[in-house]
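Chains here go by letter, A, B, C, D, E and F, matching the order in which they are written, and residues are numbered from 1 within each.
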């Protein structure tokens, strides 16, 4: 069958999730255009690589030419100082959206994060309409790009699916990940669903596997058609055996953002 | 086991869904009384047929005598001119409810439609309490009968399950049906659930199979006990292969009602 | 100052509220076109009268030619048999909307009624998004026209303000009217606000004076800019002196629709 | 593997559910401390039994010493007179919470009941935030203990999972139980989930198996990680064969509390 | 004019608010029956006094004989130990409701309290449907009586207006009272409205004057017809001059319950 | 009386609203520290002026030293290109918050804007919890600073009142301002309320006078205690006389953001 897309651009293609997406999204497009700030390993025949900095406006405008869809997973993936976050995540994402607008790209899949809503409580069982409550500068930049995506949909008709990735790792590394786990395969399923859904508009979806303990309500993204097939459950006994039971009153246990809420300000030198 | 009902009346019994219901509901009743405006084929030993026009008040009053429940799937099933809709769907359904009231029938299962709420967006993920937003005269008549059912419950104690059928066909015919599909077997399951649920009162349920892409929230009808077993998923590859990807900004893609929202007024001669 | 409108059509102009609107809306338009099924008294120089039946399609199409806005207060104003309601309120209102569509009229102010939501409880404090719960055939016809207005906005771009009139009389006549009262002057204020609001789309507003006891939440119509200036309070002592205290458990006290909920079916001859 | 808890206290251990919990919770703790007002049969090596009255403050303070978690299923399990309910359920539960506070117990799993919300309708599909609507003195005591648990969380940091048990019996005994059934195994699963969830705070969960007909919305307790594996469905045909179809208008069918709403006041001697 | 009621019973009539209600409710009834556990001063010709303990069941059953409505402001009005709260507020209020049930009293106005919801935040702007969050044993007893009133309405048809009094004093004594103030005259207005509203069912209303800073949303009680006429504003400059600006992060400033949230457990001897 | 604050910092003090705030806030503080990028006219004895650029991090850190509260009205007040918005509004506001954090400032009053939610419809009657829907880069920067304020409250305990100013001008200049008008005096009242409210946490308030036509629901900010005293009503006849009636279907009439939604991208040279 002909692939659905001619060319998909994946930013952050050298990263942990980017690497998974290269493999997982290959069937969807004739070619994958990959970008990252560092070298991309093991380039495949269906792949083109562009090494560039998201903060470099003209490079990014060039990067987005001639693609059908953008899977924007690039940028800094954790709490860092303001200048780094500002350049890579805020300015960088703006360049991506401007590139999409100028190049006529119709849909962007964005790697947002649980840290955009990290100060909400587990018991609140929030849905995607809950107000932003970032838990650090990283989360703040995710909020910004969500709002940017909303604007580019409302004003310029470019669709965005903002996927709030919780914890996407090879397996759950601590007790929090027993509910925040997103397997690599489910991550690929989620991005695939967002790329192929008939109508996205501007949609926020939580990015989680089908874990037993559920802490958010994802019904508002049901039109993406994402169906998780993995779960943290097989890892549960192991994780619980090698980690202590959590203190339910600790801020990092109470809030969706986990230990991010305990981080001080990243620019406080003496704290890092 | 003795069937739950002595006699169930099915209106619209010669139609696409009526034919399926004859087969599917047979185990529930000692006899099925069938009605339609056209001839009903292949009458079975457990069936009685009455050919009559829903707009014929006295015929309908007679039709509803001596039945235990009514499965009201009769009337015009698509967009048509005002006079036709008025007579068959509005006046006709009023006759059914008056018949039920006078004959002491306790429960009516009504084939409402997605077109009663066709102007809502997919991303809104509405539930059954969302206001009516019909997408044509057909949908308007469905809204009317829902309100009629509500009145007859509140005032006369007759229960109604209004089933908003999305797209019930042998298989999904276009990309919209990948989320709007209701298989014939699931349609029978839904009507069966509505007939046998312990308590219906006035309940609105969306009529959908367990499709991957979900565009509405059916939790308010969970007491009907309907469990879909089919899905559009097996047909997906085929449909996508033979149809173009939708334009997500097209009104017919944005709204639940699909291409009905693109129809002009059915009485505009030059448009039909 | 030049009046805002050239010609406003008022249907039901010979009725209790129609008469008040003739006086109250005069400053808004160069001319008022009045229609009713009965003779209209005391025609003023700024008024033109057309005696016609709402059920007469061609008459109504002619009636709506050349007007800028329609104040549709015509039809049967209380519980009556099905045929009467069907012809005057359902078919009649359809003719008005078709007339507006064909004649290019941009805005319709419709006299809906509390009886469209008469089976809701006082304590529910519903807002305009609550589902329809008509308390009789009259209320059912009001629900129909609200949905009709919604359709003509969504599909044809004709704005409707559906004003759910509670009890508009010279003064409160019973204890229920101490909360359901809409003074004639406030009725004129409400219609005026609906005619002159910058944006109506499809809006439902409750039609009430600023009574002390409030039983519904009108915040969703705040963009109409209606400000009630009257209240039932000055009449309270008098009403309470000449009427008995209500039984709070009586259905007619519990529900917004009042004694309409106690009416049987209007076509039951032996009950009237 | 080392059990998660050293000692769990189970109150009401001689009761129908207490007996099931002894079996089901054994793997979670090194020892189970059991209490009841009557003798506890078949004591196991991992169990200690204390016979005491919940109304006996000093006995209960002693009982709660040295335990890690409390599974509070003791008290009167059905509608009874005020004095009995007051002493066992209200005063008794207060003693349990005071014992927990003084002994430093961190988490309490409480057997609340559908009868705390018995006057809500099936069609309302309430969630755990719906206001209390007890259907008798028994339910009223359940409301009290839920509020007590909320207070002890907010003020003293003791977590409570209040499990609103619907109908936990060996199998469904009547038609209502086709939707209110909680199998013994699912009951154990629910308590286990509540004991082991990473964060409970104060959480209310409905206690139900995965029945086909669903009458409440349990999404607000999704962080407990409870997954029902049983259903009333296998018992359906049998129950329906030996019981009459319900009257959907009967108060006991309309309300979640079932026949409890038909009970008069338990202290009316002449009614019992 | 004949007073609306023959006899109104006021419990807690010797208290701060009881004294105000004696004066304020006099016009509503031919006679006021007053009760308190202590002597009631300055008995008026229209008043009868009964000195009795709410915990004395038979005395309370006698007290409620022959009255048309009960204004139940008796009991312990602040945080106290469990035994005192249990006897006066829980058992005592149960006696009042049982008395009403046996004597056929139709409506009870109950002095609930902000302390039934004291752990909610100011910024949440809760309405009357928010779950209970008591801030101490006193508030817990208020929650109990609200649920008791709900039960007696649902099951026995006795109406209750539960008025959550915030701070009713001669004038605001601290900065919190600038938003929690209920003037004595407004308190009388609120009780009067609740006694004379056409329909109460079970209604919760917040008891507040028309203060500038508003911390809760009282729209769900709008059918009581209460209109505050006083405000803390005239006292603001004085209060601010003689008190320090609050620390916005202090628990007592964050929560509706104020300094009650800082109180430990009242039975901890060493803390009082 | 001693002013409530020692020193308040006003940014954007040379602007239209800054000038009004200098006058209006003078009674609240012993001194006002004023900053702007341009010269500030008519400096008063109670004022200190600092000319600096918000984008200058070290200047802003110095500026915020020693102040008790910040009224942050500086930055670009309308749609402009990305670089300008990024530097003044995004980076500039970050510097303000970092300054506040380092200097221990407890409360910030921020001039957010209707343009943070400009793509919502008038008829939606949104409240402050509605998701962001910016209508341009300017609005996008307002969303960013709101989220920044939320983060600094949740993580660092600095309170923010984000005031979404609609249209604050000497008088309404067009028909939209008949509902979007915020008089200068009401603007001062709103900022004063936000500065003196007992508890702000993170609160979003709509900034509007008490206009007749209301398009948003401000109840979630009721704890600020803001009471508008002005209205666009006195200007209505004049505005309507000199402007055309709006087209209700125009995007600029439908959306809260008005003509901002019609603006293209500010960096498209050929469009400006």
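The criterion applied here is as follows: a contact is a pair of C-beta atoms (placed from the backbone, for glycine too) under 8 Å apart; a residue touches a chain by one contact, two chains touch by 3 or more.
The shown structure was predicted, so the numbers you read here are calculated from the model rather than taken from an experiment.
Identification of common neighbours of chain B and chain E yields C, D. Path length between chain C and chain D in the chain contact graph, taken as the least number of steps between touching chains: 2. Its C-alpha atoms fitted onto chain E, chain C is found rotated by 120°, rounded in steps of 5.
Of all residue numbers used at the contact between chain E and chain F, under half are used by both chains, marking a mostly different-residue interface.
A straight line joining the Cα centres of chain C and chain F is 41 Å long. Between chain D and chain E, the centres computed from C-alpha atoms are 32 Å apart. Centroids of chain D and chain F (each the mean of its C-alpha atoms) stand 52 Å apart. Of all residues in chain B, none touches 2 or more other chains. A list of each chain pair in contact follows: A-B, A-D, A-F, B-C, B-D, C-E, C-F, D-E, E-F.
Across the complex, chain D is touched by residues 1, 4, 106-107, 157, 159, 193, 197-203, 219-220, 222-225, 227 of chain B. Note for the complex: chain E touches chain F at residues 121-123, 125, 175-176, 178-179, 211-215, 217, 237, 240-241, 245-246, 248-249, 253-254.
Of all residues in chain C, those touching chain B in their complex are 82, 86, 90-91, 94, 98, 101, 119, 129, 131-137, 139-140, 143-144, 147-148, 150-151, 154-156, 261, 265, 267.
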